[in-house]
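Just passing along the structure, written as structure tokens.
Letters A, B and C name the chains as they come in the text, with residue numbers starting at 1 for each one.
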Amino acid sequence: MAKYIARRLLIAIPLLLLISIIVFLLMRAAPYDAIDAMTTPKMSEETIAAIKAQYGYDQPVWVQYFAWLGGLLQGNFGYSIVTKSSIAEQLAVRIPNTILLVLPSYLVAYVTAIVLGLVAGSHRGSRLDHVIDGIASVLIAVPSFWLAMLLIFVFGYLLRALPIVGMQTVGDGSFVDVLRHYILPFVTLTIAFLPDNLRYVRSSTITQITQDYVMVQEAFGAKRAEIMFRHVCRNVLGPVLTRLGMALPMLVTGAIITETIFSWPGVGPYFMTAIKGMDYPIVMAILILSSTLVIIGNLLADVLNALADPRIRQGGAR
Amino acid sequence: MAATAPTAAPAADARRRPARRHTRAQAAWSAFRHDKVAIVSLALLAIVVVACLIAPLLPLSPNATDVAHRLAAPSAQHIFGTDQLGRDYFARVLYGGRVSLLVGVLAMLTSLVIGIIVGTVAGLLGGIVDAILMRIVDVLSSVPWLVLVTVVSIFLKPGLTSIILVIGLFSWMEIARLVRTETQTIKERDFVQYAQLCGVSPARVIIRHIIPAALPTIITASTTSLASAIMTESSLSFLGVGVQQPMSSWGSMLQDAQQYMQNDIYMAIIPGLLIVIVIFAFNKLGNIMRVFADPQVMSGERE
Amino acid sequence: MADTQQAPAGDLLRVRNLRTTFHAHRSLVKAVRGVDLTVREGDFLAVVGESGSGKSVTMKSVMGLMPDNADVEADELTFCGRDMLAMSDEERRRMRGGEIAMIFQDPMTSLDPLRTIGKHLREVLKRHRGLTGAAADTEAVRVLGQVGIPSPEQRLSQYPHEFSGGMRQRVLIAMALCCQPKLLIADEPTTALDVTIQAQILDLLRRLRDEAGMSVVLISHDLGVVANVCNRVAVMYGGVIMETGTVDDIFLRPRHPYTRALLGAVPNPADRRHGRLVSIPGSAPSLVDPPDGCPFADRCTYTCDRCRQAMPAFIAYEGEQTARCVFTADELDRMDRTRRPAEDAASHDAKGDAR
């Protein structure tokens, strides 16, 4: 098992380095960079050269890369071209807001998906299954931004029941106020996360239930509930657990659309503003952050998978 | 006795094989016929697609403004109402649909091409090439698509081509996975092994043998891929990084509708509903195609 | 076997007029259409037929393992004299494994991949014999040894993927033995295995029949598998039984044209690799709308009008051999002689006329 994890780690590290190189090159290739932001056409060659030297732009590319990478490792993500503010400081404020939104809604969607998926899958073809699967296939076709718009219209404009913008009312930071702001984006995200997971659980339940071992267990007198809980559930939940690891990057970038619509002060609006303002350092910082989370998430998924399944555990140790 | 005793089983199977293609289509057709939701949604899809296609032939102008009737609710004159500039919303919805569908189809084709190439190469060559390609697929499919797509769009000139390319470039992973699995199965079959033995080039093996055999899977995957391309385009356009003015798609119409939503909710409902219908119908179509690709789905042996 | 007057003493399982129908897509699939079977103590009965002949569905219906969309009806279904039709679902469940156990075709997928072999065995030992802890472990090891698994102590903590196909089938048989059933139904237990392993498993089944005193029903599509291990054979086709008899009756004196065709068809060694043999021209009848008459009529070389009018009744021969055909075996032999006087009258080649 330790060997297996070590092997996965050995794959993950070069992959991370590769990604950092790609991101760095992308940043260099961008049609507009930090130097352009700091200089004006009127400046003399010497001034520009001095500015370049100050920020290390006169060094060879690989030196710049390692300087940048070293900075990243120390948590220095660089500065915004537009506002000149520290990206790391901004992210430190925004990521917790995003996590506050994404984590609970993903978990609620995840647990609901598991329960509904198991119920639907184990009663395949029944009325209940048709209803659950029908809801999932409709929800999968609903763009989350449109859902958010409808919610805003109904609860914000029509009923005037809930606030539709931001995380709190100015001058009122009370828990109830935040909670009221929280409801609509939370519901939107939960519904957005639900159908994919639900269909996944349902179809793996169906796959498991049609496996021979289920009939064998039945032939040996196991009760339906015993088969469901001891065998089917465990076999379904392994891969489902893996999805949880894969969902790790969601903590940063899982709510870009929803956050933008509700002006939730998370990573989403920050990222969208940066994209529209061609603020590359921010975009690249978020890109490298989320790719890192992808790699870590994959690693986590592999480990979870190995914990759940002896075939992978032992296959990897050999 | 044991050596010469006959095997009773497959006499029937051998006979039935030539008719297999036929029964596949029948299975798909019967799956469709018994599914009322599928019939309704595909009928709606057909109406929407046809209306969008023939829009230029209709007496509609999406850009003519009628200043006297700005933000007019649906009426006999303007069945979907008018927008903030007094343009006929019905015409705009149809023309927006043309853009959405066009981007969807072309992006799907792009991802199909990449997916088929990567999938067949990985499946056929195996080994280290396969491992590397599949790892790339894993990583790409778990990086949040919105981040990837927007990052790349920085480097491309804004425009329809860029959107199509960007969506296509980041949505081929699922197709590649499916095609790879299919290729691995097919390459074990005698005729492919024989062709390889005879020194037929891999490219020819792929085109002549593997793609035709994997076609049902590819068709199925492409319907689903079309649905997700349309979804991606509308999300991007809604966020303002997709289709740009003066062109509009359903997604960008929704972006505009945001400001007028409080009083003119029809502007938000109509394009959104069309997106839902189109995506739902294409997904449904994909499900039916899956029965065609793998008739066992129907008989309940597999999901 | 179809003989209802038989003395019930020593009868383990009696099935009379079993009918199983699937509801699928507004059509009815009549998979089993009136099957009579008797399994006596110490029997090794083979149920033989092509795929789709209803042999597997018959035994699963007896077990009560049919899905919800299947209707199972019978005039009589008794095990050890107890009426299974009158039992509650709960009683039926307790019987499964405990008194009748069943193992299946594919040993690779028959075990839960996430549970050790020990867990599989302990689970049934607890359920059916109330054994737990060390007692269960001791018994599990004993049974694994009995089915020929080397170093069973170590094997207990291993997972199914660490076993070969043949070994997994042994594990399944061990699971069955743990329950000490009176009857073991083996549904094509060797189909997925290599030929040498096949022989070992069949040998094991026969040995266990002798040692553990349980009766065995072996479902197979392969007459060759059956010949060496069984004492009685039932040949199924199109959801009904065509012929029954002792193994000698069936192989030396087949009375039914279908059985004769099965035995007469000469396998082509080149095709054997794929397991495909075009042995009898034509295909099995559709079970969606099965013909009223003999299901084999379309492929039979002796077909006459009577065959299609109604299902032929069984004709009883000496011993307990019965065959469901409008013609007696003597009539069939006579037809053979008049049609092909040049050929050896004793050979039954059903292929001839259809070509």
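Note that a contact is a pair of C-beta atoms (placed from the backbone, for glycine too) under 8 Å apart; a residue touches a chain by one contact, two chains touch by 3 or more.
Just so we're clear, the structure is a prediction, and the values are computed from it rather than from any experiment.
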Maximum centroid distance from chain B, chain identifier (CA atoms): C
Innermost chain, where centres are averages of C-alpha coordinates: B
Mean-CA-position distance for chain C and chain A (Å): 54
Chain centre separation in whole Å, for chain C relative to chain B (CA means): 47
Whole-Å gap between the CA centroids of chain A and chain B: 24
Numbers and ranges of chain A residues touching at least 2 other chains: 125
Of all residues in chain A, those that touch chain B in their complex: 11, 15, 26, 29-31, 124-125, 134, 137-138, 140-146, 149-150, 152-153, 157, 203, 206-207, 210, 246, 249-250, 253-254, 256-257, 260-261, 271-272, 275-276, 278, 280, 283-284, 286-287, 290-291, 294-295, 297-298
Partner chain A, residues of chain C touching it in the complex: 63, 65, 69, 93-98, 101-106, 109-115, 123-124, 127-128, 159, 161-162, 172, 175-176, 179
Chain A contact footprint on chain B (complex, rising order): 37, 135, 138-139, 142-144, 146-148, 150-151, 153-155, 227, 231, 234-235, 238-241, 251, 254, 257-258, 261-262, 265, 268-269, 272, 275-277, 279-280, 283-284, 300-303
Chain A to chain C touching residues, read off their complex: 125, 211-213, 215-223, 231, 234-235, 238, 308-311, 314
